[in-house]
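Two complexes follow with chain A in common, the first pairing it with chain B and the second with chain C.
And now, the complex of A and B:
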């Protein structure tokens, strides 16, 4: 018996070794499809309250716009949808996944809505068609006017489910528009809708930036003749002057923790970068050079600031260490590099470079390597700012005809699309944090 | 004086055996009866199932000793084998559908139980909606029971539902056929720049035109894998062991090492589930140790 057991053990070992020895080794170093096929049938009425196809249509349009911008998906053509697209199907057992698989979809968004006494309720689900699993689901209730916000919020949820990181679609864009004849501060959604005027200074308003902690903005305004730094609360509309030093108080940028503001001041007749508190008091002077130092941008860790200086002749991007005040040069190529914006992920710095009289957006790593041009073609592209998740960049385009507009694109320069209205004369965008 | 024609007929009649006319009539009736019985519900007909059609791309055929060459030399780069076109669906019992005939209600007192009719088993080339003939107005016979009328109504409803199901199924098939045709037309537009290159694998040492099982499985699984570069964070890597039978069926898989990136690992699970049946058989049951990463995707700007 003992002999038999020993033999059996040896045979099993040999079988195991044999099975592993003949395993063919394969390396697959890229997926066959670099987008996720997604089917998104229109919302179906849940049978409560009135049927309002316009609600479903608007929701569809907003969600589709967000998901297309994400670059993650390849949307299945709705013309090929089969009978399951007409069904509500909020539970996995109610869905004919085979139909969606035939169409090549790997993910599926199903949803229903109901409208009753001015309130809309939307139930949404994201399914994995292949493994027939529910990936995420949400129920939203709000006013009819909130349908766009609901769509943006669910788009963020979809990105969270499929990438592990929330999307930036339910955030806000601040920008400067001259549509009234004066440069005023405005707020809009990420897709350019729901535009709202925030200031009425009848002067020049510039350079907005969002507080990372509160629903408030800082910006520079010439309303009191001097370019002073203002703070404005978004919901109450309360406004105050934060820094009113003589000379320039421009390019204010909140630190990542929201406790300090990096700003260009020219109180000593030369523009330098300073750190000021949220009460306007100066905490620290960061640069001390006879050249012009402007446009500060914080690193996400809050220990460094990129800025523009002409201390080497032409405007270039430099980095200053806040603790040691050591300054290092970042850009060497080109003769005119301005408006740096440090990615919230910390890996890249976006900036504008002028070549042959036209600005384009570039990115570069903190160590000066891996410089890439993201935009091409006619029209100057300036003032790049990152989305809070670092996936997208927003910037202004100045066409030669005088039309200024705001555009958004992915961080690799693909998927660029205009979001500001035609002939609205918009520039200087800034992207809010989580709203 | 009788006409010659009548005389000839009389001559013929004299030749006939007695009772010939009767026999002729019975024979004709019997011949008529055969097709009537054949098409009646008493003789259920089995739909002739067409054998599945396999289209084999010989260029990417799995061979034991592939020659040196380039796997992408296929004139049209697409999947090696196309699945049997219309998958024979499990059909209900081959009972033919009885087309409703206007049945004059008979005054039978016992209530008739409604019998559910199965859907039509035979896919017809063009399903023309069968028009239910309008019921002839029942004669005012007072003996018609309510139960019988209800049963008739139920049967009609069932017939209508079956027809609607059939029509929607056909519409779905038409849509799929149109999509497949469009996809085929699109793929036919693609022409390879290296049509005359030798077909094989890069490290082939044999003499057969085709690809090795390993190269085939690698390409097959890669094509099932969807992952967007915007989902990637870092350089995720995962190792999976997959065991295939000689018939090309995935028997078992196991993640030897997960990447830790949930989106990446889930995309691999989807690819594995989609690869549970290969389009070709393998020379033998095989085990594959597959390393998934994004080296080629993330290196691109």
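And now, the complex of A and C:
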């Protein structure tokens, strides 16, 4: 087992050094055997400015949370660390790798911090313990309040270094919360921290989506007595109505290139899927059926859209080809399949299925094969949305008691973790692109 | 119950008598005539004295406004919500019977504008339910129009599962929440 792990890791490194394209193919979300033993001693004060153990502790907690979620690592118990854990050791020649080998570590994160006049500097290194090589090194500077962001950014870097593809930890989650008594739009970090209220419509705000290009969101609001589509710039707070057709303007989703929005409109007295421009003008009508058509989700190539329709009786997921308008049915099992979300990798479509009044999350391939159930048990799990790298899914859980919260899990359903605060009544998460 | 109504009527009659007698101080003999039918008396008098046209216009116009007002009030208070089966927007027989009564109220009050709100229970996806709620509101509107209600009186909006009247998570609450409700716009 150990031998296998060590060998595997060396293979990983070799692949990475040889060809990043090869390395990117490694299925890092697969649980079990493929975990890499990692030692992560605390940041050491670099001796400049004040010593602030709280900074080191927060950094540790954030980075550890991200790495655990990744499912890639097997963290070496800090209680077993030897003397080298106390030393700064930013250069490979300063490190007693033998100490880390004894503990079974195959990778090692070393780092130091310094704080002066509200500015924090963090030096970080990732080493391969076996070959005693430096895998990646970074120096981050920012305000004290940026320490969480620094940890997330380095977690992304670690994944890039080991797999050839960046992690999604320094991105943002948009979601809807009813904590004020009204459904409003909020933003938070991927680990649920730094939540911030974005709207104050005192009405009903629904179903956000991020622009893949700009720091901008779209969502539906009843603020003007009709479910209209709004756009909001994150930093300026500037807000405008994008689509205000009579009836529904719901479920807006930016195309992968950010130039169009797929949306459900019911201006002709029946819900249909349309493509509109970012100025709100209608470009194309994609469905034409007297049944309910809602919930569009783009394929990553931007040539197809998965959506929900009850045209065969019960709500099921269908796929429409944007060019030919040809519609094919995707889901056949179950009686209520909704909220499709196409993986940015293109290989899978996540959706939720209701059985006996309870939703659970499934994935299926575009050709309708390889259906897998990712979540189980009581409490409805709904609204799956992918991380920009396709490694994770974020979703909402509605416990039978009425407690609504946001959870994140790996693409294979393992590692499920609640990220929203208790009793905050949160739902409808959406994952940003690279932030 | 009936006893108290009767008592109230007697008191009112007595008060009216007092008022009438108070107004007509001098001609004591007129008292019984006033009590009988003052309205009839006025109608009989009016055409004889004044130009016919102005009176016929005055009197019905006054009545129509009162009738319209009463009809509007009746519509505002009397429009009843209807309920639907799970994941359905077809009208049940009970819903149709309610809508027949609602249509009567709305036909009598053609100036009343109504917002038909389509709602769903919490089960199901939010987006699908927004579309379903709209189908419910539209089915309601179409049936009212088929019963002779002016299409201009009726507007629709869907709230999906966003505004339950019963927040509980059980069969009874779900049945109550699957509804089309009427809001009179003033």
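Here are some notes:
Assume the second predicted complex is superposed on the first by the 402 of 435 C-alpha atoms of A that agree within 3 Å, B and C clash if a C-alpha of one lies under 4 Å from a C-alpha of the other, contacts with A are read in each partner's own complex, and residues count from 1 in each chain.
Quick note on the criterion: a residue touches a chain if its C-beta (ideal position, glycine included) is under 8 Å from a C-beta of that chain, and two chains touch if they have at least 3 such contacts.
All figures in this text were calculated on a predicted structure; none of them were measured in a lab.
In the superposition on chain A, contact of A:236 is made with neither chain B nor chain C.
Looking at the shared chain after the overlay, A:102 reaches chain B, while chain C stays out of its contact range. Once the two complexes are laid over each other on the shared chain, residue contacts for A:281 go to neither chain B nor chain C. When the two structures are aligned on the shared chain, A:162 is found in touch with chain B, with no touch to chain C. Contacts of A:402 after superposition on the shared chain: chain C is touched, whereas chain B is not. In the superposition on chain A, contact is made by A:295 with chain C only, not with chain B. Across the two superposed structures, the residue set of chain A contacted by chain B and also by chain C is empty.
Chain A meets chain C in the complex at residues 183, 204, 206-207, 222, 225-227, 247-248, 250-251, 264, 266, 269-271, 292-295, 308, 310, 314-315, 336, 338-339, 352, 354, 357, 382, 400, 402, 428.
Residues 19, 22-37, 70-73, 80, 82-83, 99, 102-103, 106, 128, 130-131, 162-165, 372, 391, 410, 412 of chain A are the ones touching chain B in the complex. Considering their complex, residues 87, 123-128, 130-132, 134-135, 138, 156-159, 162, 167, 169 of chain C touch chain A. Partner chain A is touched in their complex by these residues of chain B: 168, 172, 175-176, 179, 213-214, 217-218, 221-231, 233, 241, 261-263, 266-267, 269-271, 273-274, 286-297, 301.
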